[in-house]
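Next, two complexes with subunit A in common: one pairs it with subunit B, the other with subunit C.
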Partner chain A sequence: MQAAVAKTPAKAPPAARKVTFRILRGTLVGDQLTQKNQDFEVPYDDSTTVLGALEWVKGELDGSLTFRRSCRASICGSCGMYINGRSRLACKTKVKDLIYGNEAKNIAAGGEVVVISPQLNQPVLKDLVVDIHPFYEKVEVLKPYVQDGPEKEAHVTKDSFSQVNMVSNCIMCGNCYSDCTAMVENPSFLGPAALAKAYRFVADPREGDKTDRLKALSEDNGVWDCTRCGMCIDACPKGVAPMEAIVKLRALAIEAGNTHVKGAKKSMGLKGEIATWGVVNEPLMMLNALGPIGVLGQLGNALNLMKKGKVPSPLPFEHRPEGLAEVKAIYKELEENPLDVRTRAEDSGPGAG
Partner chain B sequence: MGISTGLNYAYYPGCAAKQIQKEADWSARAISKQLGIQLNDMPRATCCGAGNVQEHDLAAGLALNARIFSEAEEMGMDIVTICNTCLQTFTYANHRFQHEPELLADINKVLVKAGVRPYQGTIDVKHLTWVLVDEIGVEKLKSHIKNPLNDLKVAPFYGCHAMRPNEIFQGRGGTVNGPKYLETLIATMGGQSVDYYGKDKCCGFHYMLAHEKEFLSMSGGHSLEAKNAGADVMVSPCTLCDFALGAYQSRSEKALGQKIGLPEMNIAQLVGVAFGLDDKTLGMSRLHQDPTPAFRAHNIRA
Partner chain C sequence: MAQHDILIVGAGLAGLRAAFEGVTAGLDTAVVSKIHPLRSHSCAAQGGVNAAINPKDDWHDHAYDTVKGADYVGDQDSIDMMCAEAPQAVLDLDAMGCPFSREEDGTISQRAFGGQNFPRTAYAADRTGHAMLHTLWEQAIKYGVKIYDEYYLMKLTTDKDRASGAIVMDIKDGKLHQINAKAVCVATGGYGRLFASNTNAMTNTGDGIAHAMRAGAPAADLEFVQFHPTGLKSSGILISEGVRGEGAYLVDKNGQRFMQKYAPNKLELASRDVVSRSMTLEIMAGNGVDGAVFLDVRHLGRELILERLPQIRQLAIDFEGVDPIDEPIPVRPTCHYTMGGIRVNKLGQSIGLKGLFAAGEAACVSVHGANRLGANSLLETIVFGKITGKDMVDFVKNREGKERPASSPEDLAQVSRQIAEIKARPVNEGVKQAVIRKELTEALQVDCSVFRDAQRLDRAWKAIEKAKAHYARIVVDDKSDAFNTDVITALELGNLILLGEATVKAAIERTESRGAHARDDFPKRDDANWITHITSVVDPQSGEVVLGRDAVRTVDNPAYAPQERKY
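Up next, the complex of A and B:
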């Protein structure tokens, strides 16, 4: 049963409002990409989506406008694009919300011009279409399937899927990859979507090679290359929260003994520092993460800070809070009686997992 | 939500403001005093874990946070902080405690065994800028201004951890939708906000140790972009962003092979300048790029 395809009327009804779509068009000639903004006047009403408006432009004004789309229902993940400063699905984003803002949907009021460009962090092929090969290749190298192996568990509880459910909602739209701040500086970074998928397989009791996966994920371009900026959580149209998965992977990677990387050393050091000093011990944190030789490499930075009277003390006694015995007792209690405090996601319906 | 009455808060400056970024703490205290905001010290409060403890041992991180919340609750006050990472770490933990009663009960059992008063889940955690805009208000702030900023062009840098994930901040982050805290403060003081791509992106602080090259390029890139967009100075509400964008700017210049020269300071320092407070109180000599020429050019405290 399929209802007639809802179409934004070609001829605007008398009361219809109009908005300007400022679209970054692009053409690739050889290796050379030429991009230019083009404005279109688009009629809209309360139900018009960005995708509906783009289709109206393509049908009524300029048939050469190129963008990906398919399902119109935030299921296929095709229409991810950069809309008013964030990567969003065109089919899920209402024009009205972009103009007037929608707090519940985390959309700012942008006024009468809707600015659209292709997703970031990926090569542009044409107008709003990017090359999704790098994005997919990074998922592929992670072996996105359950592997046979010695660590496979035969008993699969329903609760174990509380860790898998959330990530299973990923539709590979690439919005998290596009908004990722770490990707800008390091294009080899595996990125939020791939790492969220990796968590899905590490957390699956049926997976046979969890230890090897965690070891590989601890290397360069893996879980420790994330800046923890949270852009991917807000960019995801399906509530996958990739950064949360990355943070969970970090904990599992440390637990599996992958403690040689700087990021892991820094994180592990802080817990002890708090019990001893109560505060971050800046010089000690550096020593933990970088080792003595690495710290020597930081001398330039330290001298720079000292010029402004900013001398980090390795003995921050003056800031030591009262009651640190309580902190030690908390740690002891948790070591003796560990608590599972991971966030859990409900089974999101048929097909999940 | 929240238990503070009047303008009484449990003050949690965070580790950076106690050590390397002291000027942010001095300025926050100085402007709060002028405005009648009581910032009460928390003698028992430890580091929040900064997300680092949480990604290594989440239960320990949550318990550390609950212990700190319990102290504020006993003081009868909400927490006010000037560090984004403390704000996010606390907001995340508090959001979970307030939405997952079983989790709070489990953590409280640990606290009780360690001799700590259990946390009842009643406090709110706020950034000082939220108090300035939401509690004090633009009109009262204006009445304290002695040195208007005379159209000084100010680049706001929000920092990730006062905004994301939106779900835990419930629109209070003042970024994509909520009130525009920094822009509001800048306009109130008579300055002009400069808009640029990096304003709500990442300063790179949390990966500076492990990825120095990428960090310097990231933080320097934002400063350069703001400068090219016409900014005279940059402000941030976060001591860690201050550290990344201000204290490390000369290192970024070396890494980028390009002069940036954009004075960066904590928003509390700029508010302090507008309030007519002196350089010593605001710790202006600790800034790595002197903002005085920019102030002079706009006849601020001429």
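Up next, the complex of A and C:
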């Protein structure tokens, strides 16, 4: 049977080549962080992952190179780092893809130098290791557990966890937190992972206190502090799409009467603006309606970047909207098929390269 | 010096489940973990957790399947306890908020797993361990378990004949801390990294088992190492048995199924040891491709694959470059699980050191005997995490544990000297750890894996001796204090070498074939001589591993009498 034999990728580069890893090393003395790039020549073949290459460097060239890692199968979330301009899991990212690009994984061809630095938005402890405690503290403050209470539904069905499952794919790798643009503006923002976790509880029929959660999430640093840039969707290696969860939380928060907060008022007032100008995407409807989440994330991102006049686009592939006509079409689609925040969620998809 | 009532080392499912019992009983409970709890390897468990929840099922059948799967060296009292407690243990997790997959009527869904006569494996899609781990971590946050995350276990300390706590290193700054506790539980997982091809996380180095053996608490069953039939060919990354539970075929290079030759009734869902041996024989007979055979799910259809096996599909795409919807996945037997561990009774108490407990893969309670059934490992963590946690509470509140043991400053000094010695060795005068690790793990992969014999085991033993000699001269590049992973991995390697020594010694000793221990020179099971556990402990004088025996615990149940094992 021919099909039983694994076929080789069509455009595979020749085996046993070398690539330069440019790694931002860092040492912390007291509060003083000193950072410096260091280059390593690394052999690779089609199967070499960034983590495999880093392990090779540590084993063969320099045992002092420091990074976290554990499962090497993109499930433990240890090895998030900033690789060629985006936060990625080292274990899931193939060296070959970084050099030659991989459209299916949304990775741009970066050439013969792989540039690696620690995740953003977090204090660096050493080399590629950041202090993960601020990230976790923002999860812990959200009461991250199912609570008893009057809103608890005793009966669950086959589809009860459809919404829960999508966000509970999260492995807390911090890549979304690292690439979050809202975090740059407001370091107290809870961030995409914590809010996705919050949605996991709001969406769980067994949760007994949804109303209080939605109220708390409507306060400062909560769901309305997200800028909807879509970077978290691009960064997530597990397809969680945190921004989509944030948008759903906004919808549920408004529905629960949390309309006094600034973000909610603004959001409700913007509805006309989008349809007219196409410059502000109404998140309540923007997302989820157009099929593939990734495309939408890219779209929201592109809109925002254009709005801010940020060029060149950090996106490896162009997914910019054609223009106003397309935004209007999206809007129409959303009107016809409103956001489903209660029942079935799209499969979370493959996640970033 | 920090003091707690209960100290648990390891923050995976077993450790966190035990911590839940400690903290909810009002005791000061601390957990030490070398990685953040959510990074623990429990998160990688895919397929599910066994429990006779369905009214048509019976826990006695689950126990029978487990006794048989264990090839009759599992401890029957532990097995009965685990299977009887299983439904409640799963329902506990469900009540805590774990999103187990459901049927239309809301009951917990269950799928078929290998070596069992009923579909009794509950699951949360194909990321069951991940869902359970997050749930137990949530409970640890809720109830305020003190978590020392990114602290590394350097030594389990003793006060005369009793466990007294641990010396740990804060990885972030390299500082050593002494923790004193009335009861200590080791839940650090297994040591699958001893083998070059494995499904394990890089952190699965058996630290807690090795330190317990040094502290005088014997380990047992170390010769029984499970090779999972379906590791991805190139990386060893796990493809769950749940895939075969959903109906996948194992096929050779010609697309032909072959399991009917080896297990005519259960076929692909025979016990793991049986399937791994069958695959290895097929590969050795030239019926594989490039050292692998194939796992074929194409006939299950795109929809089922996307709904029930999404993560599996993604792993195959990401790490093997194969989309299982279109192509069979190349797989080969890969080290997955270590049945052995710290020898404990059914309450999790060490047989050799008072106040020391163990649970999960780090323990040998022994519900798995010579071969673990799929989805019994998650079950073991939540049942024995719970039972051991409860017994620790009782030990501290009502028994000898009421009195606090003493900690000795000499332990701290000794550990400090050990680290200084490794760092002081000039780099050009020693052996790099990558060299030692590679030689050791490759030797064990070749000579102490699916099939063994005296000649291979002798070669494996020589590799152990060489590794020990090299390790005495190990060097590290990183001489700093903060986040020194160079030193940590060197210390982990020391633990692996000790476990390798015990594994090979026990494998040489056991002159029969049973479960995962298959010897070509002793192909028959020898019930007259070998229904017993081989124990291993470190002799404090020589530092060498010394073997002993510990009886298999039986219950008076004629159904558990050894029979020929057919699937």
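The rule we apply is simple: the second predicted complex is superposed on the first by the 254 of 353 C-alpha atoms of A that agree within 3 Å, B and C clash if a C-alpha of one lies under 4 Å from a C-alpha of the other, contacts with A are read in each partner's own complex, and residues count from 1 in each chain.
Assume contacts are C-beta pairs under 8 Å (C-beta built on N, C-alpha and C of every residue); 3 or more make two chains touch, one makes a residue touch a chain.
The structure presented is a predicted model; accordingly, all values stated were derived computationally and were not measured.
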(request) Please work out whether A:A108 is in contact with subunit B alone, subunit C alone, both, or neither, and reply first, second, both or neither. (result) first
(message) I'd like to know which partner A:N186 touches here: subunit B for first, subunit C for second, both or neither.
(response) first
(message) Quick check for you: in the superposed arrangement, does A:P150 touch first (subunit B), second (subunit C), both or neither?
(response) neither
(request) Kindly classify A:M231 by the partners it touches after superposition: subunit B alone (first), subunit C alone (second), both, or neither? (result) first
(request) Please work out whether A:G30 is in contact with subunit B alone, subunit C alone, both, or neither, and reply first, second, both or neither. (result) neither
(message) Once chain A of both complexes is superposed, is A:S47 in touch with subunit B (first), subunit C (second), both, or neither?
(response) second
(message) In this superposition, which partner touches a larger number of subunit A residues, subunit B or subunit C?
(response) B
(message) Under the definition above, what is the set of subunit B residues touching subunit A in their complex?
(response) 15-16, 18-22, 42-47, 49-60, 62-64, 67, 88, 96, 103, 106-107, 110-111, 113-116, 160-161, 163-167, 171, 175-178, 201-202, 204, 206-207, 209-211, 214-215, 217-218, 247-248, 250-251, 285-288
(message) For the complex, give me every residue of subunit C touching subunit A.
(response) 35-36, 38-41, 43-44, 96-97, 99, 101-106, 124-125, 127, 130-131, 134, 138-139, 141-142, 172, 201-203, 234-235, 237-238, 251-255, 289, 294, 296, 306, 310-311, 314-315, 317-322, 327-328, 330, 432-434, 437, 476-478, 480, 482-486
(message) Help me check something: in the complex, which residues belonging to subunit A touch subunit C?
(response) 1, 3-7, 9, 27-28, 46-47, 58-60, 62-64, 66-78, 92, 125-127, 129, 132, 136, 140, 143-146, 155-158, 160-161, 164-165, 168-169, 171-172, 204, 206, 347-348, 350-351
(request) Provide the residue numbers of subunit A that touch subunit B in the complex, in ascending order. (result) 85-86, 101-103, 106-109, 181-182, 184-186, 224-231, 233-234, 241, 243, 247, 250-251, 254, 261-264, 266-268, 270-271, 273-274, 278-280, 282, 285-286, 289-290, 300-301, 304-305, 308-310, 312-313, 316, 319, 321-327, 329-334, 337-343
